[in-house]
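Have a look at these structures, which come just after this line.
One chain, subunit A, links the two complexes that follow: it is found with subunit B in the first and with subunit C in the second.
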Partner chain A sequence: MTGQLLAQLMNGLLIGCMYSLIAIGLTMIWGVMNIINFAHADFLMIGMFISFWLYTLYGVDPIFSIPVCGAVLFLLGWLIYRYLVSKVMTGPGLAQLVVTFGISIFIANAAVFLWSPDFRMIEKPLLAGTWNFGTVQLSIPKAIASLGSVAVSVALFLFLRKTKTGKAILAVEMNRSSALLMGINTERVNALSFAIGSSLVGIAGAFLSMYYYIYPQVGGTFGLISFCIVALGGFGSIEGAFLAGILIGVVQTLGGYFFDPAYKYAIVFAMYLVTVWIRPQGLMG
Partner chain B sequence: MHGKRGRILPYALTLLLSLALASAGAAADKVIKIGAVYPLTGNIASTGLDCLHGAELAVDIINGKYPDLNLPLAKTAGLPNLGGAKLKLVVADTKGEPRNGQAEAERLVTEEKVVGMIGAYQSAVTKTASQATERLKIPYVCSDSSSPTLTERGLKYFFRVSPHDAGFARDQLQFLKDLEKAKGVKIGTIAVLYENTEFGSNVGKQVLMLAPEYGFKVVADISYTANATDVTSEVGRLIKANPDVLMHASYITDAILFTKTFKEMGFNPKGILTFAGYIEPGYLPAVKADGNDIIVRSTFALDLAKSKPLVAKVNALFKKKYGIDMSENAARSFAAPFVIADAINRARTTEAEAVVKALLATNIPGSEMIYPWKGIQFDPKSHQNIHARGILVQIQNQNYVTVWPFDSAAAKVIWPFPAWKTRK
Partner chain C sequence: MMTMKKPTAVQVVFYAALLAGLLAFPLIVKGTFPTHIMIMVFLFAMMGVAWNILGGYAAMFSFGQAAFFGIGAYTSTILLMNYNVNPWIGLVAGGVLAALMGAAIGIPCSNLRGHYFAIASIAFAEIVRIHFNNWKFVAAAEGLSLPLLPESLGNFMFHSSKAPYYYIILVFLLLSVLICWYISANRMGFYLRAIKESHELAKGMGISFVRYRLYAIMISAFLTAMAGTFYAQYILYIDPESVLILPISVQVVLVAMLGGAGTIIGPIIGAAILLPLSEITRVSLGYKGSGIDMMIYGALIMLISAYRPQGVWGLLTTIGRRGK
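Presenting the complex of A and B:
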């Protein structure tokens, strides 16, 4: 009984760390630009497919495709911001909403067209199998992916606090017009944030591809949960998203185990509703 | 008088002749539009496409001349009683959503003017789509959805060719009984795990209801939200319940995730009996050897070719067209076009009331189909095919082989399920 409880708790933490990394990219884009990137879940899917194709075509293990996924998604995010999103940044709010929505639909359908709706899996990743700690069994790829997610989140945190560019991003997040007056190139910061946000979710995709199945609509549920995490953690708060992700992972797993698996997502969303009811700005907003 | 008649006659003859020619021309060009609703994008797009391929091949066979295929309307081009009229599938994408099923079915009828409907694979979608056709009075022949409630609604225009899950649940429980007898093993407890939409929850209901009748105790009753990101809590509950046998109703995404999680967490029942997701063509390529020894309900298996040469011939055509072997889903969806075309052909019209009457009189013999059934005849009240029955296939060396009923089995069942630790 206690063994199973511990196993559930550990698994909740692991999936929670994964959620955190996915949501941090989203919250960063929101915090800096005040736009919701609806294509975020599709970026996750692209990350997973890059990892899959590198493995299938060139035999590159997903653990080594992490930097590639990060770099490709960084570039893609930059280009999408530069040539699509920036065009509507000064336009009405609805246009900003619709542009990422359109990108999402385009990417999802392009993926079906290019790669078919089939399910793929990376067959034999270097990291496979389980660690046995008495009654608790932990999947090695899940554990490594989650540790990696934490590491990437910490790295981002340090980048924002310790480097000049990071501080510029934070400054824009706090007050765009003041930042502009202080001589910060806000347009460049926007592009950089969009690119970093995309890059993070690309890295999350590479981690996820080590143990999760891959297909064009794979981002769906992850995307929905990450919106919930961003709101729960406080819009734009990176620390908030990190904690909320882990919280949601644990609540989902334990709720499913003790209460009823059919309601595990309902429990998560109920918790979210109660939190925003008491604290509309989110946990750390 | 005489002169006048003499002048009219050629005109009248010309008119008659031209009318006759016109109608002959119309008949030869005539297309019978049948709507096909399937999930072609979204979570189970791969399955929807597979189903559609089955239906498309059926339409090809009906429209073309296949003298060596013993299938209804295969030997003639088109529908002979309607002057060789050809069938045309008008395809619509449900995206796997019940609301789209309804909207697309309505659109196909009102805008595309289809005279019959097939699809939609997911029971929840078939439910709403068939409500739309019922209201618009269009015959709907379904051969790929398995929720028992679909034929319990008393609809006038809805017919189902394939078996439903109440029958499948009985098959699986009967298999366990037969196994106890044949192998001298004792199976006491069952866990039932199911996704919580129309399909899964009805399987769950049936198993819960029927298990005591067969003398099994249900020790866990677990429903879950489909397309989960993580299923460790579900598997944790299963491990705690420690059943002899797991019965799992799932679509493909969760089937893949559960298989991985069973292995990861070391869930080792004596047998895993499943519905649907585990037989979809995307499943085995994704899980590979981890799928071995899992048992799935089916209406079709390629090894039926041993007793039915027709299966091999149809599969050869399928493989030529789509490059892969016919799956169970493609095989099930393959049935509906024949049934609807056969009824329209006998009714000699596409008028709905006459087609429904003809559907009720359907009597396609078992020799003219690729399934192990006695035939197709609809129950006058429920409109369920009374001869439909299931088989059980087991994944052995990453192939689906028939293991039950024991008398038509192609291989011996592997039992108990080997523990994950002992597997490669």
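Presenting the complex of A and C:
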């Protein structure tokens, strides 16, 4: 009983780390530009498919696809910002909400068109098997993916705090007009944040492809969960998103364990609603 | 606000001609497919008008209208199947239930703004969907087939022709437009717009912020649930996948936005453009679920919102103003 509970808790922590990495990219975009990117989780799907095709066509293991996924999604994010999102930055609020919905529908269905809606898997990843700690079994790819996610999150955190570009991003997040007055090129910061946010979720896709099913609609649930994480963590707060991601991972698995696995996402959404009722600005906003 | 002005003679003639054309449509066009498309246009136009009361006037961008739509569809269907209640009574019951649900969710969410409200509305609708997907009482994911009743207006069921459905949904749409027009021309409309312009200022003026937002949610939920009952009576089969999913909520938002949010006529124009487009691309290109129909749909949405964010109606009125 306790062994099972411990195993569930570990699972929750591991999936939570993945959620954190996905949500951090989203919260950066939200914080800097005040835009919800509804296509964020479809970028995750693209990352997973890049990893899948590199493996299937060229035999490249997902662990080596990570930089490729990061780079391709960085470029894609930049282009999407430049040609679509930047156009609505000064437009009506609703257009800002809807433009990325269009991108999401387009990308997900382009994937259906190109690769069919089938479920795929990377059959024999380099990392496989389980570690045994007494009664608790830990899947190695899951553990590595989660550790990697934490490492990338920490790297981003250091980048934002220690480098000049990172500080510029944080400055725009705090106050756009003051940052502009200080001579920061806010338009470039926008594009950069969008690209970095997309790149992070691409990396998350490569990690996730090591053990998760790969299919065009995979973004659906991940997307909704990551919106909740971002809002729960608080508007644009990277630390908030990181903690909320882990929290939601744990709540989801424990909720599924104690109540009903079919309701695990409903429990997460309910927790989100209760939290914003009490604290509309999120946990760390 | 242009909707406040007294209509000119030209406008009166235009709308009268439009209405006459719509009334005559089923008599002139005989095919079932064109009638079906028109029914879907009216259905989504009605939901767009209902959304507009929330999103267009009060800037509460709900992405969870599918929950109200589904509650309407399920309430009347369950009442009919299990308790033999007439669908028209079911329609009112569904509307009341949806309005109560709207109030229940609206009270905790009434302080949320912008993106937070949007995400809360998605979270709410997803909880409803997941619950219905697992709820044995409503046959969970299997869905419900409506019992076939003899064809009559009283039974809200017709088998030989789609025309009666066409007229019913047209009446529903006109009713929604009237309600929306009434709200926008009266105190509540001004209050909602004041809240939209500035929360603090509206509060300072003594406008009860929570109360008017709640009214807006409840009215919007009621009308959307009516549309849900209509859908159930028209298609005669419902399951969570067809009445409760996020794409329905998104389509409602798009209908309102495409035409121009915050105008009465906007959602109707939006539905008149979007629904034929999505129905026709689905039928002509959507073989084997290839995804290409939805690709075109997604591409259009992103291009319109990026390059024509004021909507088609906004575009038309700008051209109109420039012409004067």
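By definition in this document, the second predicted complex is superposed on the first by the 285 of 285 C-alpha atoms of A that agree within 3 Å, B and C clash if a C-alpha of one lies under 4 Å from a C-alpha of the other, contacts with A are read in each partner's own complex, and residues count from 1 in each chain.
Everything below uses one rule, namely that contacts are C-beta pairs under 8 Å (C-beta built on N, C-alpha and C of every residue); 3 or more make two chains touch, one makes a residue touch a chain.
Quantities reported herein were computed from a predicted structural model and do not represent experimental measurements.
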Room on subunit A for both subunit B and subunit C (clash or fit): clash
Which superposed partner A:207 touches (first subunit B, second subunit C, both, neither): neither
Touching partner for A:104 - first (subunit B), second (subunit C), both, neither: second
Touching partner for A:194 - first (subunit B), second (subunit C), both, neither: neither
Subunit B versus subunit C as contact partner of A:130, first or second or both or neither: first
First, second, both or neither for A:257, with subunit B first and subunit C second: first
Partner chain(s) touched by A:74 [first = subunit B, second = subunit C, both, neither]: neither
First (subunit B), second (subunit C), both or neither touched by A:55: neither
Which superposed partner A:112 touches (first subunit B, second subunit C, both, neither): both
Contacts of A:120 with subunit B and subunit C, given as first, second, both or neither: first
Listed stretches 57-65, 93-101, 201-209 or 381-389 of subunit B, narrowed to the one that overlaps subunit C: 93-101
Residues on subunit A lying within both footprints (that of subunit B and that of subunit C): 108-109, 112, 117, 216, 260, 262-263, 265
Subunit A-touching residues of subunit B, taken from the complex the two chains share: 41-43, 45-46, 49, 196, 222-225, 227-234, 236-237, 239-240, 252-253, 256-257, 260, 264-266, 282-283, 285-288
Subunit A to subunit B touching residues, read off their complex: 1, 4, 7-8, 11-12, 15, 108-109, 112, 116-121, 123, 130, 137, 139, 142, 211-213, 215-217, 220-222, 225, 249, 252-257, 260-265
In the complex, subunit C residues that touch subunit A: 55, 59, 61, 105, 108-109, 111-116, 118-120, 122-124, 126-127, 130-131, 133-134, 246, 250, 253-254, 257, 261, 289-295, 297-307, 309-310
Subunit A - residues contacting subunit C, complex: 30, 34, 36, 83-85, 87-88, 91-95, 97-113, 117, 216, 224, 227-228, 231, 260, 262-263, 265-266, 269-270, 272-274, 276-277, 280
